[in-house]
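For clarity, chains are labelled A, B, C, D, E and F in written order, and residue numbers in each chain start from 1.
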Amino acid sequence: MENLEWGLKMTVLGMGLVFSLLGLLWGLLTLVLVLDKEPSVPVSAKEAIAEAERIAAVADDAVGAQVPEPATVNGMPADLVAAIMVATMKHKLTLRRQAAPFMRSYWPGSKMFASRWVATGRVRQNYSWQPRGK
Amino acid sequence: MIDQETIVLLLKGVNNVTWQSMFMIGVSFVLMYLAIAKDYEPLLLLPIAAGCMLANLPLSPMIAEDGMLKVLYNMGITNEMFPLLIFVGIGALTDFGPLLENPRLVLLGAAGQFGIFMTLIFALLLGFTPNESASIGIIGAIDGPTSIYVSGILAPHMLGPITVAAYSYMSLVPIILPPIIRLLTSKQERMIRMPYSSRKISRRTRIMFPIVVTVLVGTLVPFATPLIGMLMLGNLMKESGAVERLTKASAAEIANTVTLFLGLAIGSTMVGSEFLKTSTLFILVLGIVAFAVDAAAGVMFAKVLNWLSGGKVNPIIGAAGISAFPMAARVVQRVAQEDDFENFLLMHAMGANAAGQVASVVAGGVLLALMGAGG
Amino acid sequence: MIDQETIVLLLKGVNNVTWQSMFMIGVSFVLMYLAIAKDYEPLLLLPIAAGCMLANLPLSPMIAEDGMLKVLYNMGITNEMFPLLIFVGIGALTDFGPLLENPRLVLLGAAGQFGIFMTLIFALLLGFTPNESASIGIIGAIDGPTSIYVSGILAPHMLGPITVAAYSYMSLVPIILPPIIRLLTSKQERMIRMPYSSRKISRRTRIMFPIVVTVLVGTLVPFATPLIGMLMLGNLMKESGAVERLTKASAAEIANTVTLFLGLAIGSTMVGSEFLKTSTLFILVLGIVAFAVDAAAGVMFAKVLNWLSGGKVNPIIGAAGISAFPMAARVVQRVAQEDDFENFLLMHAMGANAAGQVASVVAGGVLLALMGAGG
Amino acid sequence: MENLEWGLKMTVLGMGLVFSLLGLLWGLLTLVLVLDKEPSVPVSAKEAIAEAERIAAVADDAVGAQVPEPATVNGMPADLVAAIMVATMKHKLTLRRQAAPFMRSYWPGSKMFASRWVATGRVRQNYSWQPRGK
Amino acid sequence: MIDQETIVLLLKGVNNVTWQSMFMIGVSFVLMYLAIAKDYEPLLLLPIAAGCMLANLPLSPMIAEDGMLKVLYNMGITNEMFPLLIFVGIGALTDFGPLLENPRLVLLGAAGQFGIFMTLIFALLLGFTPNESASIGIIGAIDGPTSIYVSGILAPHMLGPITVAAYSYMSLVPIILPPIIRLLTSKQERMIRMPYSSRKISRRTRIMFPIVVTVLVGTLVPFATPLIGMLMLGNLMKESGAVERLTKASAAEIANTVTLFLGLAIGSTMVGSEFLKTSTLFILVLGIVAFAVDAAAGVMFAKVLNWLSGGKVNPIIGAAGISAFPMAARVVQRVAQEDDFENFLLMHAMGANAAGQVASVVAGGVLLALMGAGG
Amino acid sequence: MENLEWGLKMTVLGMGLVFSLLGLLWGLLTLVLVLDKEPSVPVSAKEAIAEAERIAAVADDAVGAQVPEPATVNGMPADLVAAIMVATMKHKLTLRRQAAPFMRSYWPGSKMFASRWVATGRVRQNYSWQPRGK
C-alpha cells in the first residue's frame, strides 16, 4: 500500500497545484477584465452559438481535432441548421466580405477543411463577438 | 552457380518473419482501418499505422541505424520537438475568447484533469512503475502533444500504445461522453439554461493572455514551460496579427510536415517484443478509464458550482473541461439539445473546453514536476 | 601598413583556383544550360548545377566542416532520407489504376529492368568494382530516387555523375525510345490495335494495393522496404482520401524543399579530383546503354507476349515498362500514332509504365540484397 | 572472366527475382480483381486515352517527371486535341464542378503546374474510371 | 504527507527567479511591443522576443540540453544554415533589373558600407576585441542575414543584441535617413531631376548576372561565397523561370519556417548574465552610428559623382546605397518629393539600393576575410 | 592607439576591396550590356516609377523587408496615387491577365501580403521593363 499512499499524495498535490494555478489565472483574468472596463451586454443564445461555432470551425483545422460525428444536429442536416441560423441573423449584420480570414481561404475551391459550420462561420467570422452591432 | 550462401541471403527476409512481427503488422492494419474507414484521427493514426507496418517488416532497414524512421525519431521525438511544434499550430488555431469572457469557467478545466491522477493510482496498483504510471495517467490529459511529451520523457518505451490510446479515444469522445453525462445528471439539471452576456475582448487583452499564461505557468511550474510556451506562442502569433505568414506556416506547412514525421516515428516504436505485453492491454483499458473519470469529475465539479451559484450552472458543461477542444464542447451541446432543442450551451461549453486545454498542459507540467523528471 | 601577410590572405582565393575547379564550374554551366535552356529536369539539374558551382569555388566554405552544403548532405543523403521523402511525394501523385485494371501488364515492367544487369556486366568488364558496377547499373532503373538511394549506399563517391546521368537521360526518353522501338518492330506490329475494357476499381482495392505491395516486397526483399515502403506510403495516403493535408504536404511543400536540398547536396559532391576521371565518362556512356537495353528488352519481351497471345499485344508498349512514369507511356503513344493516327495505346502503355515504376524499385532492392549491402 | 561469370549470375538471379516478385504480384492482383467481382466492360479507345491523360497530368506534378516534349500530338496543338476530346465526351458526363481535386487548385490563377492535359483532366478527374456512366 | 523535499521541489521555479531573468523578460516585452504595436520587423522580432521570454523563465527546460530552443540553435545557427536559407528567399524576390540597366550605380552601394568600418573603429576604441568590433560593425551592412552570419562566426555571444539592433534599426530607416539626407544636401541638390532611359534586359543577361556575381565574388573573396552564393541562387532560380516550384518554396514555405526557427533560436541566446552588460548598450548605440555613417557616406559619395557628372546625379540617391532593399529607396523618393512633388527618383534609388544589397554581402565576406576567420 | 591603427588599416583595406569588387562588377555589367546591343530609350519618370514600385512590391514579401511607413505618398492615400498612375498608363498597355505572377496569388482572397503598391504591380508585373510597348 506504499504505492497507493504515494499515488494519493500525487493526486492531492497534483490536483491542488492544477486548481491553484488555474485559480490564480482566474484572478488575473478577472482583474484584466475589470481594467478593460468593457460593459457586459446580454446577447441571445443564438448569437452566442453562432459565434461559438465560428471559433470551433477554425479549431477544427488543428491537427488532432477531427470531428468524426455525423453531420447532423438532432436529426436535422447540420448545413440546414446552420443556414437557418445564418438567415435569422443576417439582417442584423453588415457583411464584410473582403476580410475573409486566411485560415479558410488558402486552398480555395477545395472543401478540404470545411466543416459543416463553415457556412455559419463565413458570415460572422470577422467580428469580434459583439452582436449588438457595436 | 547459385550457391548455398546466395540462397540463404535470398531467404533472409522470409526466415526472419516472426509471429510477433506478423501480429504487429495486423495491429497496423487495424489502425489503418480505424483511420481510413472509421475516420479516427486519420492524420495521426494513418502515419502511426504506416510506421508500425514498416518497422515490423522482417529485418526492416527503416529502423536500423541511419534508417529513415530512426532518423525521424531522433529528429523530433528524442528531443520532443515534434509535439511542441504541433502545439504551436494548435495555439495558432485556438480562440480563447470564450474563456476570456467568462473566466470563472477556468476551474472546470482543472476538474477535468482528475482522471490523470486516478489512472496513475490504478496503474500503480497494477504494478507499473511510478514513471510508467504517470505516463499512462497522462492519457487523461486528453491532449495528444501533452501525452506524447510527458510519456516521451518518463517512459519512452510506452510511447506507441499511449499515443495510439490518446488519439483513438479522442476520436471516441462523442461516444464516451454522453452516457457518462446522462448517468450523473438528472434531466432537470441538463435542461438548465444559461444566459449569455457578451463583452468585447480588447485586442490588448487577447495579446496579453498568452504572455501572462506563459509567464505565470512557466514560473510556477518550470517543467510546463515547453508545453505551455509553445501553445501560447502560436496563440500570441495569431492574436498579434503581426506575423500572419508565420501563423499560417505554423498551422499548415509545419503542422502537416511534423504530423507526418511524428506519426511515422511513433509508429516505428511499436515493434513486437515491447508492444506485445499485457501492459499494452492495461494501457488501452486504463486510457478509457482516464477519459471516463475526467468527464465524471468535470460534471461533478460543475454540479458543485451549480449548487454554489443557486442553480445557474448547467452541470453538463463540466464534461467539456476535459479538453479535446472543440469536440467535447460540441458533444455537450448535442446532449443538451436532446432534452431541450432550444437550449444553447455551446459558448459556455467552449469556455470550459478552452480552460481544459490550458489545464491539460498545466497538469502535464505538474506531473513532470512531481516526478522530478529531468532535473 | 599593408604587410605581406595581408596580401597573401587577400589573394588566397585566386591562388587556389585550379584547372580542375574551373573545369567543374564549366560543367556546372553546362548543367545550367541543360536545365534552363533545354528544360532537362530543371527541378533537379539546376540545384545540382548550383551545388557543383558553389562547391568548386576556391576554398569554398560551403563544403567545409559545418558548411551548408555539407550540412545538407549529412541531413538527408548520408541517411538516404531525401530520396525516400521524394518517393512519398511521387507515390502521392501516381495512380496505379491502369495497372490494377490490367494486371498482366505487370510482367512488362519486369522486362524493362534488364538494362540494369547488362550495364552492371559492362561496367565490370570495364574494370569497375562490383559495388561501383551495381551503382552504374542502377541508372537502368530509370528512376531518380532509386538511383540515388542505391548508389548512395553502394558507391557514394559516384553519386554525382550517376544522379546527373539518371535525370538527364530521363529527360531524353522522348529522343532515346523512338529509334529503338522502330528498329525492333515492324510497321505491322506497331499498328496492332489493342481493345479496351474498363472495370471499376473499388476504393478498397485501391487502398489495399499499396499495402499488399509493401508487405509482399518488403518481406521477400527486405532491402527494398525503404524504397517501396515510401512510394506506397504516398500512394496509400492518396488513395485513402483520409489525410489530404498530408498528401498535399508530401507532394508539394515537402517535395519542393527536399528537391532543392537534395540537388544542392548532390551537386556539392561533384568536386574536381573525384569527378574528373575517365570513370565519369564511362558512367555517362554506360547510362545511355542502360536506357537503351531497358527499352529493347521491354519491346522484345512484349513481342514474346504478342506471340503467346496470338497477336493481341502491340509490342511497342513494352518500351513503357522501363518506368520514367508517365513520360515513357506518352512517347509510346506518339510512336504508335505515327503509323496509325487512330491507334490509342496510351492506357495500356500507362499500365506497363506503372508496372515499370514498381519493378524499378523492386530491382533496386534486389540489387542491394544481392550485394549484401548493409546487412 | 571471373567478373563476367559473377555478373551473369547477378543477372540471372536479379532478373529471376524481379520476374518472380512481379509474377507473384500479378497473381495477387488477379485474385483481388476476381474477388471484387466488378464486370469488365469494353470502352472506346478515346475514352480510355482521355482517362490515361488525366492520370498522366497528375503524375506530371511529381518531382522528376517533367515533360520536355513539344506540346503537340502528331502536329496538332495539344490543347486543341484535348479540347476536341473533351467536347466529344461531354454529353456523357455529369460535371461535378465542386469537387475539383486539390492537387490542381492550390495556386489558383497560376498556370504553374498546368500541363497541356489539364483541360482534359479538369473534366474527368473526379471520376474513377467508369465511362459507362455507371 | 507532504514533506520538506516536495515543497522545495514545488518552489524550485519561484526560487530561481532572478532580477536578471525578470529584466530580460521585461526586455522581451519591449521587443513584443515594438513588433506588434510599432510593426518593427515583426516577423523577426516577435519570434526573437518569444525566444528571449522562454529562455529566461526560471530553470527553462527549453534551453537545457535537448531543449527545443537549443535544438533549433544547433539546427541552423551554429552552422549558419538559417540565415543562408533566408537569403535564398530574398534572392528569389529581388529584381536586379534597376541595377542592370544602370550599372554605374553599383559604386553607390560600395560607399554605403563605410559605416561598417567606422563603427568597427569606434568599437575598438570602446575596448571591444577585434572580433567583437567587426561583429558590431557588421550592423552597418544593414542586412539581417549578413549580420547574423558574420557575427555568428566572429562573436556568437553577441548574436542576440546584434540581430535585434540590425532588425530594429532597419525598421527605423524611414526615420533615420531623412534628417541625415537633409543635413548633408541643399534644397537645390535635392531638387535635381534625373532623366530615365530604359533598355530591355535580355533574359540571358538576367540569368547570367547571379552566376557572374557568384563566381566573381566567390573567387576573389572565398569567405563571401555562402552569403553571395545563396542570395544569387535564389535570384538564379527566379530569373531562370525553370523551377517555379522551388522559387516559391524558397520565398514562402522555407522562408517562413526558417524565420520562425531563427528568431526563436536567436532570442534564446539573450539570457541574463551575457546580455546585461554595458557592452549591450554600446552595441545598441553603435548600431545607430553605423546606420547614420552608412547613409552619410552614401550621400557624400553621390555628391562626388554629381560633381564629376556635372550636376546630373541627385546626391540623395546615395542614401539608398546602404541596402535595406527596397525600403531605403522608397524613403529617398519620399524625401525628394517633399521638395518637388514631380521629382521621380525611385528607379535610380532602387538601382543604388540593389547595389547596396550586393555590396553588403561583399562587405560581410571581406570583413570575414580580413579577420581570417575560419581558415 | 595600436587599435586605431589596425582599425584604420581594416577600413582602408575593407573599403578598398569593396570598391574594387563592385568596380569590377561595374565593368563586367557594362560589357554585358554592350554585348547585348539593346538600345537605350528615354522613358517618362512616371513609367519608371511605376515599374520601380512593381519591383519593390515583390521584394516586400521577403522576410526582413516590412514597410512600417504610413501608407501615404506626400499626404495622398497611396492606393489613390497608385490608381491614378495605373489609369494614366493603362491605354499604353495590353493587359495579360492570365499570367498573374505566382508570387501574389498563392493566398487569394487574402490581402495578407498585399502592399499598397500591389494595385500598380498587378497591372505591369508581367512585363520586363519595356514601356515603349516594344
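Keep this in mind: contacts are C-beta pairs under 8 Å (C-beta built on N, C-alpha and C of every residue); 3 or more make two chains touch, one makes a residue touch a chain.
Note that this is a predicted model, so its numbers are computed, not measured.
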TODO: Please identify which chain has its centre, taken as the mean of its CA atoms, farthest from the centre of chain E.
DONE: D
Task: Longest centre-to-centre distance from chain C, chain (CA-based) - done: A
Open item on the list: Can you compute the centre-to-centre distance for chain B and chain D, using the mean CA position of each chain? Integer Å is fine.
Closed with: 40
Open item on the list: Give the residues of chain F touching no fewer than two other chains, as numbers and ranges.
Closed with: 13, 17, 102, 106-108, 112
Task: Overlap residues in chain E, where contacts from two or more other chains coincide - done: 6, 10, 39, 42-43, 220-221, 244-245, 248, 252-253, 256, 259, 369-370
Open item on the list: Considering only the defined contacts, which chain C positions touch chain B in the complex?
Closed with: 78-81, 84, 207, 211, 214-215, 218-223, 225-226, 229-230, 233, 236-237, 240-243, 245-246, 248-250, 253-254, 369-370, 372, 374-375
Task: Interface residues, chain C side, partner chain E - complex - done: 6, 9-10, 12-14, 16-17, 25, 29, 32, 35-36, 39, 42-43, 46-47, 50, 53-54, 57-62, 64, 66-68, 71-72, 252-253, 256-257, 259-260
Open item on the list: Help me check something: in the complex, which residues belonging to chain B touch chain A?
Closed with: 38-44, 86, 89-90, 93-95, 97-101, 103-104, 106-107, 109-110, 113-114, 116-118, 120-121, 124-125, 130, 133-134, 144-145, 167, 170-171, 174, 193, 195-202, 204-205, 208-209, 212-213, 216-217, 220-221, 244, 248, 251-252, 255-256, 259, 325-327, 329-331, 333-334, 337-338, 341-344, 346-347, 349-350, 355, 358-359, 362-363, 366-367, 369-370
Open item on the list: Applying the document's contact rule, which stretches of chain F touch chain E when the two form their complex?
Closed with: 3-4, 6-8, 10-11, 13-15, 17-19, 21-26, 28-30, 32-33, 36, 38-49, 51-53, 55-56, 58-69, 73-74, 102-103, 106, 128-132, 134
